[in-house]
Amino acid sequence: MPDRHFASDNNAGVHPAILAALAAANDGHSTAYGDDEHTQRAEEAFRALLGPDAQVFFAFNGTGANVVALAAALRPYQAIICPAGAHLAVDECGAYERFGGGKLVDVPVSNGKLTPDDVERQMHGIGDQHHVQPGAISVSQSTEVGTVYTVAELRALGDVARKHGLLFHLDGARIANAIASLGVDAGTMLVETGVDVCTFGGTKNGLMFGEAIVFPKHHPAVDALLYTRKQGMQLTSKMRYAGAQFAALLHDGLWLKNAAHANAMARLLAARMRDLDDVIEIVYPVEANGVFPVLPPQAIEPLQRERRFYVWDHERHIARWMTSWDTTPEDVHEFADAVWRIAPRQKTAATSNA
Amino acid sequence: MPDRHFASDNNAGVHPAILAALAAANDGHSTAYGDDEHTQRAEEAFRALLGPDAQVFFAFNGTGANVVALAAALRPYQAIICPAGAHLAVDECGAYERFGGGKLVDVPVSNGKLTPDDVERQMHGIGDQHHVQPGAISVSQSTEVGTVYTVAELRALGDVARKHGLLFHLDGARIANAIASLGVDAGTMLVETGVDVCTFGGTKNGLMFGEAIVFPKHHPAVDALLYTRKQGMQLTSKMRYAGAQFAALLHDGLWLKNAAHANAMARLLAARMRDLDDVIEIVYPVEANGVFPVLPPQAIEPLQRERRFYVWDHERHIARWMTSWDTTPEDVHEFADAVWRIAPRQKTAATSNA
Amino acid sequence: MPDRHFASDNNAGVHPAILAALAAANDGHSTAYGDDEHTQRAEEAFRALLGPDAQVFFAFNGTGANVVALAAALRPYQAIICPAGAHLAVDECGAYERFGGGKLVDVPVSNGKLTPDDVERQMHGIGDQHHVQPGAISVSQSTEVGTVYTVAELRALGDVARKHGLLFHLDGARIANAIASLGVDAGTMLVETGVDVCTFGGTKNGLMFGEAIVFPKHHPAVDALLYTRKQGMQLTSKMRYAGAQFAALLHDGLWLKNAAHANAMARLLAARMRDLDDVIEIVYPVEANGVFPVLPPQAIEPLQRERRFYVWDHERHIARWMTSWDTTPEDVHEFADAVWRIAPRQKTAATSNA
Amino acid sequence: MPDRHFASDNNAGVHPAILAALAAANDGHSTAYGDDEHTQRAEEAFRALLGPDAQVFFAFNGTGANVVALAAALRPYQAIICPAGAHLAVDECGAYERFGGGKLVDVPVSNGKLTPDDVERQMHGIGDQHHVQPGAISVSQSTEVGTVYTVAELRALGDVARKHGLLFHLDGARIANAIASLGVDAGTMLVETGVDVCTFGGTKNGLMFGEAIVFPKHHPAVDALLYTRKQGMQLTSKMRYAGAQFAALLHDGLWLKNAAHANAMARLLAARMRDLDDVIEIVYPVEANGVFPVLPPQAIEPLQRERRFYVWDHERHIARWMTSWDTTPEDVHEFADAVWRIAPRQKTAATSNA
């Protein structure tokens, strides 16, 4: 089996420019915990991207970045409204509930996207001491199913958040894929839409480790952030290596190049499935770096032997094929060829058996 | 000011062999979250060190490793008995209280070391529903003040822990310095003494990031560890880079060489202070990689301009000089020369003023 | 407006026999925190009801009793599967999330009842460190919508709980109403069905305050209960007054008489609505002490001026009419007469306007 | 053994006027959760005592009242500075750590009293992300050892709290004993001294259950109080019975009469010990309703057979004799006679044995 597969963008390695930046930062002593030139350069790069008021704090991983940002902004009796499949809700082992002490209200959505109506429907029990009080909305951009909120959709969410005094949190583990997909600049997606705080993902876009908690504009939660990050076990001592990575990632648009490439590979893979319509249904629009096909059940294991990938929904036989910054067109074509070879045969076999 | 200083061993960079290991691990795709060859090699290296029953889990940082291990083993109504200056108690911003939900009972100690008598004195209120129930003892080895528990001292603590059914936790952010100082093998210090779980530090000993939670023998808390680590936001997705670092650190005794070198530099620095006895008092035995001198107050700032270091106790004018794997004898001599040059003069000045 | 209404069974006062028991217990000094004769008598009464292995702990209120029992039994990475409308999930302001640190997985249900299939559908992600691990099921008996699980339904839930190693928790804020409704003895409903722990409600059945946490058989969580109750702020110092109330409630079947009466009043109220079928639809089977009618929207406020009650579902105009131990047939008839007088007129008015 | 003893003021029963008030409140239906006339009357009584800005919230018990008030006011990374023996720190089974998620910094004190200097010594690490940030001071009035802060002492603590932006919390489980002891009015002790929030105790002063969380003036934490109380499991549904008790307690000075009587009984008991100076040393000034004598070790058990009491400090043989609203002069004299009869004999016996 070839070395690169479609299991997850966090199975990819570190981009060579990032590795070089890590080596370059490895020079003598450097004050721990953030007071170093690399971290400062990274912070400046974020401000260049988002405006001079942006405030940036580095965290180890996405779960930590999400939880620390939300816990810094909210009190435990406040609830977070999020889509039912949100990483925060289903893939973080209850980290927010335990550390933040609050409730997630996860609502069923289509295509992974929360709508203002979904939010409005949760605006009840306000002022009622028995009910958790709506405190935030949290959306993933790009979503867990590879779709991307349009700027208008985000702006509508920002409006409803502002209307109800809710924090607008964006889990951007794959934020670069979203921005590359939308073809807008970061400020358009994050500042003008009213996002209060986001996780700006690095790990899935070519870093070794590291996510940024970014407040596009000043927000009162910033005052609680440093302490909440430390108490949340997300403060790295040798911070320069987080800073150096992000400085390199933001340098010369590497973050967008990496993401745009991954997106293109997903589109290519989806395109190769097009004439297999009667065999394979792609269930979500391919707008970022994931492809979610319904596969003939018998085809799944043989295909996994070609290139590794995960089954996303076992009941409905939906697979998840993720591309990453290092996926090559050859990877895509070889795998697509395998799908063409294997899937229709299994489909036919299944039909004859029926 | 020269580039290397005495502020903290976490201000040092990454050892070249570790950086090389990171680069070598950067090869194609690798399953995330620990199911990779690098992580497995690191785990095997720990078992080679401590015996076949050792179980190892990597975490991002020392706070996370301490808190996750203790929270996995304890219920929130159980208390942790620790020395008053324990990192857990004073340098982790209340992480255990918040994530673990339990109380730390910090007791005043001498030379940073908890004794069995200290523990016995806390064995009250047992079975009393109003009182937190003693659940663990936690000690730092080497201690926050640069001292090292002897094997006999640890064994005595292990005995009292076993006698009262307490978990014996060891915060080994500088565990290598302790083992190098004692000149015993790791098993003697960790297995025979009855340590249930320790943080095996990497960051302060030449890693970029990463600490290991190590159970020398099987312990029931292991069953809770994976979930507690994830819920505690300490699970790195690209785990191979944690594994690769630890595999390299444990390879061919690098961990002990680094630590022994740092210890030697601290001893050298202390030795250079010897004939300054009437000017500078070293207040804790220099057994690992820290030197804690009482300085003439007026000498502190001028000396910090020579090489950076922290004041440990502002009231008593105690400084903390930390050495690290990359401290050179020249660094020590240059700094010691500066102390000789500056400290007596300030002492004299202070005396004349009085 | 008459003094008794249909807003909630906790708006009713204290049963005279309970008040008399409180006065009788008010005699001299009594050891605090449970070591008194009244508490012991109450505990014995529970053992008489459920068998000699039953273990009983008094708590202040239902939220406290639910949360303490679940938190004593579970670790924070374990999830509780419950119906979407469970009191635990929607009326306790996130108490479990904050104190227990864990996640509630609330699933949509019919008639307020969780089924074994609902539970089975949540049995995924087991052993996966990213996912909260199923740890318990929690059901309300009677349910929040006035229905009652049959013994067979509970047994089926107990079976699925045992199959998957889940704690079976029953929120019995209205447990007496359920047992009276089923016409079985308490042991049949609680012991034979495999319930591990329940909240045995007192407040809604004529007490001034007080709920019991009852383990029908020994359960390991009992070891954590005393400490978790105190840490959960649910330990009353003058425990004798909790004990005296429960001893009186369980004496001579008062608990069942109170509940059977409240149930009968609900049935009477529902019966009086029967020929109003085209005007008022009762949306849940009336099996305990609640009646849930869909009302003509315009009739709601005029009816609330007759006797107070709450609107349960504002979108669908479903009201909740609760009866209690002190509801009289006259209360029911007067209110039913008002409904007959007001509701059809509003219905007609609404229709003519349309 | 007579029925009343000296074990604890919470072993006493309910004052007859309170019991009568409970019975009087037991009249028909009443809205749950605080919107009832009894609760409103109690709130008004507090405003009559403290001024029109006072805000009052009832809780079940002292642990709950302390924890809810502090958790509503603080973030988890903030620390509470309190005396080492504070009820909050040693008798609440870690409730604050678990529910509030924060650290208690308990400092050694004399006579149970925190001083401004004690507070100042903890004003370090401010702004340092590794350290919990000082957020509050919490003192007990009267203290756990029966002493009473003077108004000047409280004012000095209020000043230091304001200087450093700390919440000033007062655990007034025995607040009436303190006010009676000082002979000032409640406003002088609570409003002018700068107390931000206190637990105003009822249970130890003749109530069946119930403590009040009182903000003498408006404080921003009030906005979080209702939700924090519910999430903290301290909201009673049949609130009228809490309100009715407090309304009766505050009516016509009953609270002060009860407390003044208990204080007088403690003074009488202490006075009776005066000429036993060589046998019994009273170790804390008797300023409220507790007497703390060092007893001859052999006298303890025989005395406990006369009237029950607890040993406060087993190492130093210090007993705690608590008086309460129902202690009679005869109780005191009978017990004092027993002490005179038993203690000197045991003292002599011990001396002869030595």
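We just call them A, B, C and D in the order they show up, numbering each chain from 1.
The rule we apply is simple: contacts are C-beta pairs under 8 Å (C-beta built on N, C-alpha and C of every residue); 3 or more make two chains touch, one makes a residue touch a chain.
The model shown is predicted, which means the values in this text are computed figures rather than measured ones.
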- Item | Listed pair (B-D, A-B or B-C) duplicating the C-D contact set, over half by residue number | A-B
- Task: Look at all chain centres (mean of CA atoms) and spot the one farthest from the centre of subunit D.
- Result: A
- Task: Averaging only over C-alpha atoms, locate the centres of subunit A and subunit C and give their separation in whole Å.
- Result: 41
- Note on the structure: Cα centre of subunit A to Cα centre of subunit D, whole Å, reads 51
- Multi-partner residues in subunit C (2 or more other chains touched) are 76-77, 92-94, 98, 101, 129-130, 132, 227, 230-231, 235
- Note on the structure: subunit B partner, complex, touching residues on subunit A are 3-5, 7-8, 10-14, 19, 22-23, 25-32, 60-64, 67-68, 92-95, 98-99, 203-204, 208-209, 227, 230-238, 241, 308, 326
- Query: Across the complex, what residues on subunit D touch subunit A?
  - Reply: 33, 75-77, 101, 129-130, 132-133, 224, 226-231, 235
- If you look only at subunit B, which of its residues touch subunit D in the complex? 76-77, 79, 90-94, 97-98, 101-104, 124, 129-132, 314
